[in-house]
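What follows is a group of structures, each given as structure tokens.
Two complexes follow with chain A in common, the first pairing it with chain B and the second with chain C.
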Partner chain A sequence: MAKPTLLWLQSITCNGNAHSFLNHPDLFSILSHFELVYHPVLETPYSLEVLNQKMLGCDILILEGSFKSKGVQKAGVEVLEVVEHYAKKAKHIITAGTCATFGGMFKAYDPENIAGFCYNEEEKTSRYENYASKLISLPGCPIHPKWLSYVLMMLSQKKSIPLDEMHRPQELYNITVHTGCSRNEYFEWKVDTKGFGLKEGCLFYEQGCQGPFTRGSCNKILWNDTSSKTIVGTPCFGCTEPSFPKTALFSTKTNMGIPANMPLGVPRRAYLTATGIAKSFKIKRFEERIIDYED
Partner chain B sequence: MKIKQLIEKIEGEAELDFIFENGKVEDVQINFGFYRGIEDILVKKDPRDALVITPRVCGICNHAHLLAAVRALEEGYSHAGVEVNISSKANDIREFTLACELIQNHTKWFYMTILPQLEKLLKEQSGENHALKASFLSSKITKALAIFAGQWPHSSYAVPGGVTCDPTYVDVMQAQSLIEECIRFFEQMMTEMSFENYLAQSSLSSLHKIGGDFGRVLQLMGMNEMAQKGYSYDRFIVFGTCMFSKPGKSLATTVSNVDVRYVEESLQEGSVAKAVHYKQKFYEVGPLARAMVAKEPLIKSLHKRYKDSLLTRVFARVHEIALLLDYSKQLLHHLVLDEPSCTLPKAVELSDFEGVGVVEAARGSLIHKTSVKEGKIANYEIIVPTQWNLSNGSQTEKGIATKAMLGSTTTQEASFIFKAFDVCSVCTTQ
Partner chain C sequence: MTDKKALKRESIIQASLQLFSSHGFHRTTIPDIATKLGMSVGNLYNYFSSKDILAKEIIKYTSEVLGDEIRAVNMLEISSKEKIENIVTIYFTMAKEKPEMIEYFLRVYLSHREVFKDGCEGMTCVSGFITEIMIFFDDGVSSGELRNQDFFSAFGLFMGYLGGMVFLKGEEILPRTLDEYIDDISRNIYYALKSE
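Now for the complex of A and B:
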């Protein structure tokens, strides 16, 4: 049986999603299930000029980058026009990364005219209705290579992927970045970190960590098979969310000393009650350094 | 005769307009497409947001942007009276992760651009999947990077005062094994030579012993007179103090000092990329420039014989992989963990400052300039390496890459010379 054809097309992008996926340790095993027709970095049998003639097959379309209705051209042809042609043809459309999904980083330059393919932040674009039936949203800046390989492998085996209301796979986005974070004990007992550069303490209270209210499995399926932002003490910036990028990313927004954003789905009253109890205890282990390197 | 050629898969695209006369390239106009406006996006943002926003300039050299951004902030703080002294631990970790990114970049360029394009140009196809090797090496080396930086691409782990990570020796040992894996790759796949023997080479007489994929490229290039092609001005510049690089410029055999204040940008007609020059002159940046300014012995002898030819340029970039692997290994070996990771644990509240951050990225010197007023970014400038190498030139002289392509007998060969600069379209159109 012929392998499904796969096209990877770019619009306004940094190439970060393409490079993130190139780091996948099983890259070529995954690609072996498809006929790769066009890719922005890997060698493919057809050039961009041939692609622009709109003659190629397209079963699965991967989109990278945000979209502008006019003025973004490749080889003299409007990118969106080519993308829409192949999108109509495709059986599945994967928006790879936050730019293609919601508009992302590059939307900020011209917010009136730049958006994701089917979403403009949380709003549906006019394109949405045409493609909703085959849309899979994979936000993340950049996309996690294993999130994409999961989707591709499921599609190649014709298995159905449970999606949420924004077409994101539930298996990847129905947990938060907080799930599996190595600092969870400190969150439970409301112990904040004493500053950057420490393995002890939680980054949610002062350093701006958005992990508890950001959808994604960064701490369940680790980055580069080894780590994540929060493990290495960098706050989660909410890069999978329609609102990415917000501003003042290294400090927590607070209302009267309480984080302004609650953990996903947690009522403020529940959070305050749990916090009050946790904070009423002082637990020695959480005030100490984990490892003492001094002689 | 004017010939238009679209160059793709160079982190985006570029359009080359060749003027072809008497069977030779007489002139080339290099055009880059869509401007994405990162510098504008940064305006009115919190100064530290640059650590998250600027890596998004580029999917392949994002880490260099992060480090340039953090250096710009630190320099700005120091100018405003808040002295920033990062620990040697933090400095070594930053150096290590930057070196990893360069190794990733150079290896991808070698296996995904140079090797396949050279085969195509010379009709010497091996039928091998070179990208498989690139992906193998890249996934290993970025894993080593991510042990400290959390992820690649798009980490923001460098913050004013140091790094956010607080590694243990468990992390260091893992990173060491990964570097050893990469060294084995360099030995078995790229050179068919022991790493020790490779590094011990100091003269051209032993270069024929290099085997593997690098040996094959050298042989193909040598047989096709690529040591006599692709000459530019033989003028090199380096601004970053990092890894084994020191700032300076190299002209003929003389290396002299540089000052980043004399770097100037100018608009170019027909392209969204700005030209960049130093005291009205164009300079080549990148691994060859770094080696020339640092007087790296093997590259110096190669240059003595073959000047700034295509062969020298390609050799210098691959050679830098070995130097970087060796450097990374040393850094990890000497890394001491009982120092603070970050010496500015709390946010510095400064309403007005200006700072410049420079690092050596894969393709050459990368400069970030931040200007902060009333606590927000008022102006941000990013000068990328590709702007140095690929400017179209001025009224008095042609740009570096244009000069290198002149006299080429086919547009295919000229495009190969162009790609040997390791072009990054997305950086250039930030």
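Now for the complex of A and C:
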């Protein structure tokens, strides 16, 4: 049986998602399930010029980068024109990364004219209706290589992928980055970290961590199979969210000491009641270093 | 708990609240409370196994009652300035109509920390009230009407001020009724908290 054809097309991008995917430990095993027709970095049988002639097959289309309706060309041809041609042909469209999904970092450069393929932040673009039936959103800056491999392998096995209302796979995005974070005990007892890079303390209360209100599985499917931003002591920047990028990423926005953003789905009253009580207790273990280094 | 038992429990809380506030915490005994309610001491112990436990339940109860009143203000579509006036009015009205509620907080809860140190650590027993004040501040800062600052610097200014006035009233030092201070005090609090 013929393998499904796979095209990876880029618009306005930094290559971050393409590079991230190259880190997949089983990259070539995964790609062996497909006929890779075009990829911006890997060697493929067809050139950009041939791709632009719109003659290639396309079962699965991966899009990377944000979109401008006019003025972005590759090899002398409008990118969006080529992308829309293959998008109509494709059985599945995967927007890989926050730029392709919501507009992301490049939208911040020209917010009026740059957007994602089917979403402009949370709003649907005019393209949405044409492609919604086959759209799979994979926001992230960049995406984790295993988020993409999960989708690709599910598609290759012809299994259905449960999606949320913004077409994100529920398996990957129906939890928050907070899920599985090694600092959860400190979050529960409202103990803030004393500085970036320390093993102890939570980064949510002062250091700007967006993990509790950011959808993603960074602490369930670890980066490089090893760690995550929050585990090593850097706040989550909320890179999978339609609102990405925000500013002042290393400090928590508060209103008179109350976090301006609540954990996802948690009513403010419930949060304030629970944390007010938790904060009233001093737990000795959480005030101590995990490892006592001898200086 | 059955409705009958819940009502009985609340009546014990209210009777104790009055006795503790008027006679003092240490001078009020469990038999005093039982006598006031016309119930046996043994039966009262079925509801609260010690005076200290009763004291902690009372502070939770008063905090919830006051918290519910402020919650109703928080739900209104009005400015922070108007909310301040409403909260001051609620606090002073409570001090006038149910003086035992505020007296208990000032003269029992704050004055007998040894009773509350186990089981009422920090904000644990007053969270019903504190949560609503936090929500009031958060809404005010989010709308741009109030200045963003440390929670306790704002909280101390607001609640310390009101508590101090009720305390002065209790000591019969204030020359006027609390109602007559509502306008000035509301304005003072607003000017201290509003954004520049």
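Assume the second predicted complex is superposed on the first by the 294 of 295 C-alpha atoms of A that agree within 3 Å, B and C clash if a C-alpha of one lies under 4 Å from a C-alpha of the other, contacts with A are read in each partner's own complex, and residues count from 1 in each chain.
Basically, a residue touches a chain if its C-beta (ideal position, glycine included) is under 8 Å from a C-beta of that chain, and two chains touch if they have at least 3 such contacts.
Because the structure is a prediction, the values reported are computed rather than measured.
In the overlay built on the shared chain, the residue A:K74 is in contact with chain B alone; chain C does not reach it. Judged by the touch definition given at the top, the superposed model places A:K229 against chain B, while chain C stays out of reach. Residue contacts after overlaying the shared chain place A:E49 against chain B, while chain C stays out of touching range.
Looking at the shared chain after the overlay, A:Q157 reaches neither chain B nor chain C.
In the superposition on chain A, A:C14 makes contact with chain B only, not with chain C. When both complexes are overlaid on chain A, the residue A:A260 reaches chain C alone and has no touch with chain B. In the overlay built on the shared chain, the residue A:S133 is in contact with neither chain B nor chain C.
If you count the residues of chain A touched by chain B and by chain C, you find the higher number for B. Contact residues of chain C toward chain A in the complex are 121-124, 127-128, 130-131, 134-135, 137-138, 140-142, 146, 148-152, 154. Of all residues in chain A, those touching chain C in their complex are 254-258, 260, 268-269, 272-273, 276-277, 279-281. Against chain B, the residues of chain A that register as touching in their complex are 10, 12-20, 22-25, 27-28, 40-43, 47-49, 71-75, 105-106, 108-110, 141-142, 194-199, 218, 223-234, 237, 239, 245, 247-251, 291, 293-294.
Note for the complex: chain B touches chain A at residues 6, 8-9, 11-13, 15, 33-34, 36-38, 40-41, 45-46, 48-49, 51-53, 56-60, 62, 90, 108, 112, 116, 129, 131-132, 134-135, 138-139, 142-143, 145-157, 159, 161-166, 168, 174, 337-338, 340-342, 344-347, 426.
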